[in-house]
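Here is the structure we will look at, set down as structure tokens.
Chains here go by letter, A, B, C and D, matching the order in which they are written, and residues are numbered from 1 within each.
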Amino acid sequence: MDKTHVRVGIVGISGYSGIETARLVAAHPVLSLAAAVSDKWAGARVGDHLPVGGAAADVVVVRQADAAMTFAGLGIVFLCTPAEVSIALAPVALEAGCRVVDLSGGFRLAPELYPRWYGFTHPNAALLATACYSMPECGASGSVRDARLVSNPGCFATVATLGALALLRAGVVEPAGLIIDAASGTTGAGKKASEDFSFSEVDGDFRAYRVLKHQHTPEIERALSLAGHGAGHVTFTSHLLPVRRGILATVYGRLRAGKTGADAAAAMTAFVAGKPFLRATKPDAVRLQAVVGTNRVLLGADADPERGVAIAFAAIDNLVKGAAGQAVQNANLMLGLAETIGLDGLPGSAP
Amino acid sequence: MDKTHVRVGIVGISGYSGIETARLVAAHPVLSLAAAVSDKWAGARVGDHLPVGGAAADVVVVRQADAAMTFAGLGIVFLCTPAEVSIALAPVALEAGCRVVDLSGGFRLAPELYPRWYGFTHPNAALLATACYSMPECGASGSVRDARLVSNPGCFATVATLGALALLRAGVVEPAGLIIDAASGTTGAGKKASEDFSFSEVDGDFRAYRVLKHQHTPEIERALSLAGHGAGHVTFTSHLLPVRRGILATVYGRLRAGKTGADAAAAMTAFVAGKPFLRATKPDAVRLQAVVGTNRVLLGADADPERGVAIAFAAIDNLVKGAAGQAVQNANLMLGLAETIGLDGLPGSAP
Amino acid sequence: MDKTHVRVGIVGISGYSGIETARLVAAHPVLSLAAAVSDKWAGARVGDHLPVGGAAADVVVVRQADAAMTFAGLGIVFLCTPAEVSIALAPVALEAGCRVVDLSGGFRLAPELYPRWYGFTHPNAALLATACYSMPECGASGSVRDARLVSNPGCFATVATLGALALLRAGVVEPAGLIIDAASGTTGAGKKASEDFSFSEVDGDFRAYRVLKHQHTPEIERALSLAGHGAGHVTFTSHLLPVRRGILATVYGRLRAGKTGADAAAAMTAFVAGKPFLRATKPDAVRLQAVVGTNRVLLGADADPERGVAIAFAAIDNLVKGAAGQAVQNANLMLGLAETIGLDGLPGSAP
Amino acid sequence: MDKTHVRVGIVGISGYSGIETARLVAAHPVLSLAAAVSDKWAGARVGDHLPVGGAAADVVVVRQADAAMTFAGLGIVFLCTPAEVSIALAPVALEAGCRVVDLSGGFRLAPELYPRWYGFTHPNAALLATACYSMPECGASGSVRDARLVSNPGCFATVATLGALALLRAGVVEPAGLIIDAASGTTGAGKKASEDFSFSEVDGDFRAYRVLKHQHTPEIERALSLAGHGAGHVTFTSHLLPVRRGILATVYGRLRAGKTGADAAAAMTAFVAGKPFLRATKPDAVRLQAVVGTNRVLLGADADPERGVAIAFAAIDNLVKGAAGQAVQNANLMLGLAETIGLDGLPGSAP
């Protein structure tokens, strides 16, 4: 594949992760938007809805039923669609000769986990078996460089795994008994009409949701396992924040005998070395404003030997590192490009 | 009618203005909740959804189709429903011997204005002709004490009229050329699923809506006219704020020759005298936090003779003085009670 | 002491907990505001700053240096002041014959804990030994009815203890290894100028603070111990939410063998029985909007036997149940009144 | 001056406009950060505080008292400082051979206006007379290409002038009687400790400030005059929004006889033609989320002949088009570069 100019398509371009993928592609020196799919925007030009310039602005959005017609000649198709749609469209895009990055949960877990956590039996276990699950800083289930279908991690799984991995890898905490308490902005729920996600109900509020039933729980367990530091079961709780973007994960682990807060901080510093999107800082400096709009991950850790606990914090933008940014990072790896291309100049928007 | 114990019903109790009416009734020494109507909550007890105690908690909510069955024996029915529903149910409640306070726009305008501003021909002009439109501090279209059907003003009309009236009444501004620029919290749009009112779309945003087409424009004109200071046409613009409750109106008028900022401030001070819910203050102290949760109206005014303009500010809680609170205030007047009963102990919630 | 009319004073009336105490006193049928202290508002009438009516509005605020002059004839003094100020003023108020409710941390812990957690040596251990620490639903260190000096619990300690106690008491979780993850609104930090708490820095953000160093950690341990279910050390983390009011605590405990989610939920239901301000509900219904403006506590619990963890949620308004409301509740108990007097009619302000 | 590589300095880099300027310079292909001044960050590396890479990260921040030492060899100095500081430092930078873009109000008005609107007598009227005030889409007081000192417009003046100019230029409205009602996010007030701008006071609130006294009023009058469509006096009111970034201006003008809403919309469409950062859309699509993070200006207009009023809306990001972005745009013009260089790839951050 040509490494200097790759035409891409985005299915589900009118959702938050689709919009974000389009923005990142527009600013990418190698990728260029050549096809866009969305029932909601069908018939309009991409430039009618998004502030992109050049040829991308003139791409006409087609309906999902016509998605296959747009796939010819694309190097990569980003599926920014619900799991069921991704499962249906991935084989169509592959058949057309495209490589696929799927941002949904459609190809993230072992098939036997789908009924419990996603509520359906996976209809294409054969394709699922070929999917390469890739969280670049943690590991992958195969060779991303060679993969035809890459399964992009979920936002909670990304922040939780990145928050926990350093302490596990350095032996600061016991593998068992990890607790991950996360809080997410509202864009994680998608762009849709919902009374529960209305401004009147969310502003001034904070609450947990899908308690002990969140489908990212087994994904965190898988990601840690792929990284070689599987902890068996983890406990994961998600809360809804009155912010638009960003997730903060607070990770609690059982401190190993003799380990200290300094060991926890040192583990984090060692973990981020050589990983361009990761940065270690003090625990109370790990905050959403510092990562929103970027592909960065802020990390911090401390421990309390008296209480036998280590604590780690991780912050990401759920739409960038938690979705579109990591998808482009994976696309870079698929193409043999540096993983930071198109992602290191994002200026962020804080405050 | 007994002035010490009046049984009331609330139709549309599951919406924001219905919920607020229920709260105020629960804290009212004379009114008691005896009937509740809502398709959404049908079959549940009021206490399952709202933190009210006593007998009100045990009132069972019935479907709208069964509303008529609940009206027998009620002194007052509050219609917290869309205009079309109010127009259909008001005669039913009146027929059952109840008096009615309608919080919708169903009985606020002259019949000929409905097609343009509400988009439908009013189906019951005869009943409309009997409705008493009442904004207590400004005036009414008849005797509230004797009215069977009281039309409760809209939130924007309340804040705009109260903001403009003092300057008109004192002759500080010309009657013509009034401009009213208002900004409202999201609960004004009701409790419903809507992408436009989702947290992700509203937070961090500010925009106008229904520009030059808002149905409260003719209502402001009517309220000013009833107050004896009609200004002919006014220009009214509404904006959507990323807050849940509250409306601030900024009123611009053409300063009469020889008038000053001191005249504008004095007009406001004179206007609030003897009106228990109104308070005059400095223009930059007229703010939402100071009124949210209460039936109060904060008012302030100044003028710039060099530019020939007077400016006034008014702030209310859209769900209290702009809806449920004013409805209870009107109910107090209907019953011959002091208008402040049940409304002066509201502690507010600022900050 | 007369139980039908008790004159009270509020020291620190211009802060958030002072303002809230004044509001609750204004709506209380027995307590009446007779003295107010604040350097910031000194010389003004209470009614110039707060929407209270009657005689309370005419109380003139005096400087803190003159506080002692106002104490004569007061039944109860509420100290809404920093710990150091409370420690200095409590003996002055007691000397004047008043009973005292202190809302600060000045009398909450054993003296030997002050250097580590508050950063100073307690200067009045003798008085500290006489203080009655009282969290009404959990227990007290003495007889509240007879106490001269009541130490009112901190907001985090209140929500954390109430969240954890049911599971401990019912034997659903092991006493050891409790983790409490809390998120608080900004009013918990007080009314002051601070770049860290500016809107520009807090909006859209979420982060932890005082990680592993929060002074409410030993207070939670003390409160659980007083309740007879001390767990030894607990791990407590606080986060800053972009909301004004409210705290949500998420409590993780190690599930005892054989226990289930149903056991956790049943423990919560049993715990709230007979406690008028507590209510048990589903975990994802425990939210800030449902408690803000009230003295209520919402509680919920579940468990995951596969992961060996129980989880509980508790929500309060940090300024009401977490400060002024619990202070009035304690004052009611000191006076032999029903604990709900003046607190059960609060209408809340949600949404 | 070399057009391919220009070293720049930023004075006041730790404030919001300084931080934003640093971000934009970091992403600019021609400009490179070579000096940074701030008392707050003095001694640190720029990379310790901002997510910039490359050589910029290693620039050591110096104290303001040492600013002069950093000016040697810089092509352009951006003064992101209060007016008084800019007035003092601009001659120093010019003396050192630098060209200057001043983001403060220090060089925006005629000298006789400073006492009334800024509260001080301008101490350097000679230098003020040489300053080139430049709002690129509207006009400039001299040749930007040749200017040594460019005065960058204020945020309110930018959005108000851009909102009003099209209607004036096309003769849709009378020149007299313009009213501009604006609402701004909190970053416009700067990065500082302030109780008035604390989250607890701003969230859920909306109020006007500096009513009839705002120093941008005469600047709007000057900018319109420079554009050849001076309207004499305008009335300008600013409100504080509970958002971090963005300003929306609502402009009211007196509609000329025979003009319609279509004329107003057409005027806007004509106005934006050929101006790369301006875009015309429907009035209710002019919103903050669509411009935040970018240098774009959204514009819309309509009119009501019955009420004799035209209305226009304009939205900008106060830190980009209202400050740092326009400063870089002016720097591009000073250097003879295309005005969009370094500014057209900003991805924004909505939602």
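The working rule: contacts are C-beta pairs under 8 Å (C-beta built on N, C-alpha and C of every residue); 3 or more make two chains touch, one makes a residue touch a chain.
This structure is a prediction, so every number in the text was calculated from the model and none was measured.
Asks: With contacts counted as defined, which of the two, A-C or C-D, has more C-beta pairs across the interface?
Replies: A-C
Asks: With over half of the numbers shared counting as same, classify the chain B/chain C interface as same or different.
Replies: Mostly same residues: over half of the interface numbers shared.
Asks: Centre to centre, using CA atoms, which chain is the farthest one from chain A?
Replies: Centre of mass proxy via C-alpha means gives B as farthest from chain A.
Asks: Distance-wise, how many Å sit between the C-alpha centres of chain C and chain D, to the nearest whole number?
Replies: The separation of the two C-alpha centroids amounts to 46 Å.
Asks: Based only on mean CA positions, could you tell me how far chain B sits from chain C in angstrom?
Replies: 36
Asks: Can you compute the centre-to-centre distance for chain A and chain C, using the mean CA position of each chain? Integer Å is fine.
Replies: Centres of chain A and chain C (C-alpha means) sit 39 Å apart.
Asks: Which chain B residues touch at least two other chains?
Replies: 16, 187, 200-201, 203-204, 242-245, 292, 351
Asks: Would you identify the shape of the chain contact graph, picking one of line, ring, star, complete or other?
Replies: Looks like everything touches everything, fully connected.
Asks: Which residues of chain D touch chain A in the complex?
Replies: Listed in rising order, the residues of chain D that touch chain A are 16, 23-24, 26-27, 51, 53, 187, 204, 244-245, 290, 292-294, 296, 344-349, 351.
Asks: Where on chain C is chain A touching in the complex?
Replies: 177, 179, 181, 183, 200-201, 203-212, 233-235, 237, 239, 241-246, 248, 250, 252, 261, 283-289, 292, 302-304, 306-309, 311, 313, 315, 350-351
Asks: Which part of chain B faces chain A closely enough to touch in the complex?
Replies: Touch list, chain B to chain A: 16, 185-187, 189, 191-195, 197-204, 242-244.
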